[in-house]
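Chain IDs A, B, C, D, E and F follow the sequence of writing; residue 1 opens each chain.
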Amino acid sequence: MSEPARRPARPRGLTHVDESGEARMVDVSGKQVSARTARATGRVLVSAEVVALLRGDGVPKGDALGVSRVAGIMGAKRTPDLVPLCHPIALTGVKVDLTVADDAVEIAATVRTADRTGVEMEALTAVSVAALSVVDMVKAVDPGAVITDVRVEEKAGGVSGDWRRPS
Amino acid sequence: MSEPARRPARPRGLTHVDESGEARMVDVSGKQVSARTARATGRVLVSAEVVALLRGDGVPKGDALGVSRVAGIMGAKRTPDLVPLCHPIALTGVKVDLTVADDAVEIAATVRTADRTGVEMEALTAVSVAALSVVDMVKAVDPGAVITDVRVEEKAGGVSGDWRRPS
Amino acid sequence: MSEPARRPARPRGLTHVDESGEARMVDVSGKQVSARTARATGRVLVSAEVVALLRGDGVPKGDALGVSRVAGIMGAKRTPDLVPLCHPIALTGVKVDLTVADDAVEIAATVRTADRTGVEMEALTAVSVAALSVVDMVKAVDPGAVITDVRVEEKAGGVSGDWRRPS
Amino acid sequence: MSEPARRPARPRGLTHVDESGEARMVDVSGKQVSARTARATGRVLVSAEVVALLRGDGVPKGDALGVSRVAGIMGAKRTPDLVPLCHPIALTGVKVDLTVADDAVEIAATVRTADRTGVEMEALTAVSVAALSVVDMVKAVDPGAVITDVRVEEKAGGVSGDWRRPS
Amino acid sequence: MSEPARRPARPRGLTHVDESGEARMVDVSGKQVSARTARATGRVLVSAEVVALLRGDGVPKGDALGVSRVAGIMGAKRTPDLVPLCHPIALTGVKVDLTVADDAVEIAATVRTADRTGVEMEALTAVSVAALSVVDMVKAVDPGAVITDVRVEEKAGGVSGDWRRPS
Amino acid sequence: MSEPARRPARPRGLTHVDESGEARMVDVSGKQVSARTARATGRVLVSAEVVALLRGDGVPKGDALGVSRVAGIMGAKRTPDLVPLCHPIALTGVKVDLTVADDAVEIAATVRTADRTGVEMEALTAVSVAALSVVDMVKAVDPGAVITDVRVEEKAGGVSGDWRRPS
């Protein structure tokens, strides 16, 4: 075929709605099962008082971050229950890290699968649910906490290839 | 401030962990059942291409935003399943609005209850889940979408009184 | 105001979408908590062979119907997880009956609550889930089973008053 | 009876209960993973007033059908949570269509998997949950709506072979 | 037997099945909303090696018990999803304690509500789910761990009165 | 490598927490998909009165045990929702048996999969949830019922090899 350039590369569209605008769970039957990973991050902006409490200056901080880590891991597993058009897939590993920075709790989640679709949504859901749990934990002290910068950092595996957030 | 001595002896702490740092679902048996409302907002930063698609310039956009609105409403109901220390409460109303702005999808959720605890977490969960659904919808076009500024705007009802985000 | 009768009784509309067509969970905060009941019925049309098996002519039929009864009861509790705009409410009683008729399994469900909304949807969900379980049980023998006539028979309690299906 | 030999050696029975009548989730470990599809349909009989509202004669109908489409897709994913003896399987695609006919909302669902069991139950659950959502949406206008004719139309893939409802 | 009159008129039976042996969720509409509490305990018998690891002799034990505490709290909230005939009720407080003894992890859960039924099942579910999580955590080291002595210790509130396990 | 014996066989630890004590869902991406089975048992100690009722001496016992069997089967499917660090896996078969002994209801569960991890937790969860359902069923007659001896009896398949409880 001599004119590949002319084919307008089929204007990319919203894959989750069909040509008449109706939502569907996209058919991935034809995609290969392969190892896939995604990493997402996010932050919960909190007051200085919360940072001091979470750093546990002289006080047992105990489960304060641990609860949110568990929430994030369990949240990753609930992704297809929450995000309407996500495929239910078999997660093979989930890691959620929370770090107390000077003005925020920083969250990072890495999710792995061996399935037909990527796991960006699972990583983002892990971060979001961990973040919600952090807010719940600190809201009596700081009702103004803000969840921000929840985003995919990189993903690997699958046909669409690897992707890394431009720095 | 000249009167630190007046501050009550027991410094505010993380209500969801006890004195030894262990998590628990706080006992609210003694709190009054009353009408409570919370409103939260958030944004999903997306590319110009996504904005054009969502505005449906000449194309049926159909369910594109509707799916996320439903996701947000259903997400509010799943809050106690997701946030470990949240009380299961009876929601009496949930409204989720999505608006396409020039560089983002803006989300606002209002949740109502007549129960013993506030519904900030339900409002934040509604916004977060709607935002995750938006990202899922646009990620094939814009893998770099970012969920940001998820926060309580105001809450009303209950003993702790009304609160409005300082502008 | 002297003419309440003239106000055109605001043309009834789809209560679950607002004036711009957007879905929301209707605010019922102002409604009274009261005892409410709903009864729904439905049928699963099955082959004569299935009827014989379910009647257990000389064979232990054991859990065949019991499983579907449990499915229906549990299904009623899942209503707000399934029906997007349903309020989560506290069910105070659920009864599901299955009867083997000559060409069908007949299902009836009665659901009770003491809350702010009616329980028609819970009764219909109980019948539907019980019916799905019946189909699952018999589908190896009769792949053509049909769920039919799933409907509210009567409801009582609440402001909108009692309703009974016209016979 | 003179011809026992003709009767197939093992009379077909209810596969989901064992010889003593006890329910179990049938062991499918030995079955092949293969592509499978099922299509189911159903109808919600509604009043003429509802049909007019859903056709949106001069009114924004917006999410009215979209909500039920999402409900159906999400419902398909909940099948193993609802139908006690269903295997949890990995759905690879779900499509739910709703059409407003003259006296009913017609629903069709197509579900795909690449797993060890068929997806009839998932297709039927998608239709049933979408139908429940339609009833919820219209019940204030038409409390007498009826879900009917929920049935498998055809299935393909797997050892038991293809099946199509006799017309 | 000569004294039928003395036998209480209605022999106590299994409240969750009716006179024909069919399961139902008992109607509690007529019961009073009141404050109720239940406390349950249980133990997971583990090897000496596990005890040493959990006591964290020189090693960070971190989340080892915290994860199970969260599992127990979240498990309490899932009770009506798990136990078929349990009423969904509004929990107002859940506390789960885990203690490492010489040959076991000891678990205690206290659950509170202000509703129409007791919360024994919620307390037992909290203990059971926390115990399952402990087993999951230690099973690579001790595949023989045993969950034992899961039982209600006391309950208070409601019509049936207080109950305390005989010592 | 000449000195495998010297490597101190890396002291076994709690696989579900990392070197800093933080919980994670262990990465099993590298493990082989293979057929795996696990069998677990447990008992619910009940009063003589309950045993008589469950044996149905002259009374229809109907669903009394059937409900708990269904609860156990459905419980197995909920394992990853309940046990925070369990992988979601595809169960290919679940069987739950309940037997009324002289002082207890005995429960046994067998779970099968073809996946990357064992199914001990699923078998234990099936037993635990069935046991909880038994307690719920009998608690009005015997508030002192005790769940005991919940444990894995044997497992087969996977790299770690077969294991059978020492007798």
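Methods note: contacts are C-beta pairs under 8 Å (C-beta built on N, C-alpha and C of every residue); 3 or more make two chains touch, one makes a residue touch a chain.
According to UniProt, the chain labels map to these proteins: A, B, C, D, E, F = Cyclic pyranopterin monophosphate synthase.
Just so you know, these numbers come straight off a predicted model, no measurement behind them.
I need the common contact partners of chain C and chain F, sorted by label.
Expected: D, E.
Identify the chains adjacent to both chain A and chain E in the sense defined at the top.
The common neighbours are B, F.
Name the chain whose C-alpha centroid is most distant from the C-alpha centroid of chain C.
A
Measuring between Cα centroids, what's the chain most distant from chain B?
Using the mean of the C-alpha atoms as each chain's centre, the farthest one from chain B is F.
Hey, which pair has more contacts between C-betas, A-B or B-E?
Comparing A-B with B-E, the pair joined by more C-beta contacts is A-B.
Rounded to a whole Å, what is the gap between the Cα centroids of chain B and chain D?
Roughly 34 Å separates the two chain centres.
Using mean CA coordinates as chain centres, what's the gap between chain B and chain F in Å?
37
Would you mind pulling out the distance in Å between where the CA atoms of chain E average out and where those of chain F do?
Those two chain centres are 16 Å apart.
At least two other chains touched by the same residue of chain A: list those residues.
22-23, 62-63, 66-67, 69-71, 74, 78, 81, 84-85, 90
Go ahead and list every pair of chains that touch.
Going through each pair of chains, those in contact are A-B, A-D, A-E, A-F, B-C, B-D, B-E, C-D, C-E, C-F, D-F, E-F.
If we count contacts the way the header does, which residues on chain A are in touch with chain D in the complex?
Spelled out, the residues of chain A in touch with chain D are 22-29, 80-81, 84-85, 87-90, 115-116.
Can you check the complex and tell me which residues of chain C touch chain F?
62-63, 66-67, 69-71, 74
Quick one: in the complex, what on chain D touches chain C?
Chain D residues touching chain C: 12-17, 19-23, 42, 49, 53-54, 56, 59-64, 66-67, 70-71, 74-75, 78, 81-86, 120-121, 124-125, 128-129, 131-133, 135-141, 143-152, 155, 163, 165-166.
Residues of chain D touching chain A in their complex?
35, 66, 69-70, 73-74, 76-78, 90-97, 112-114
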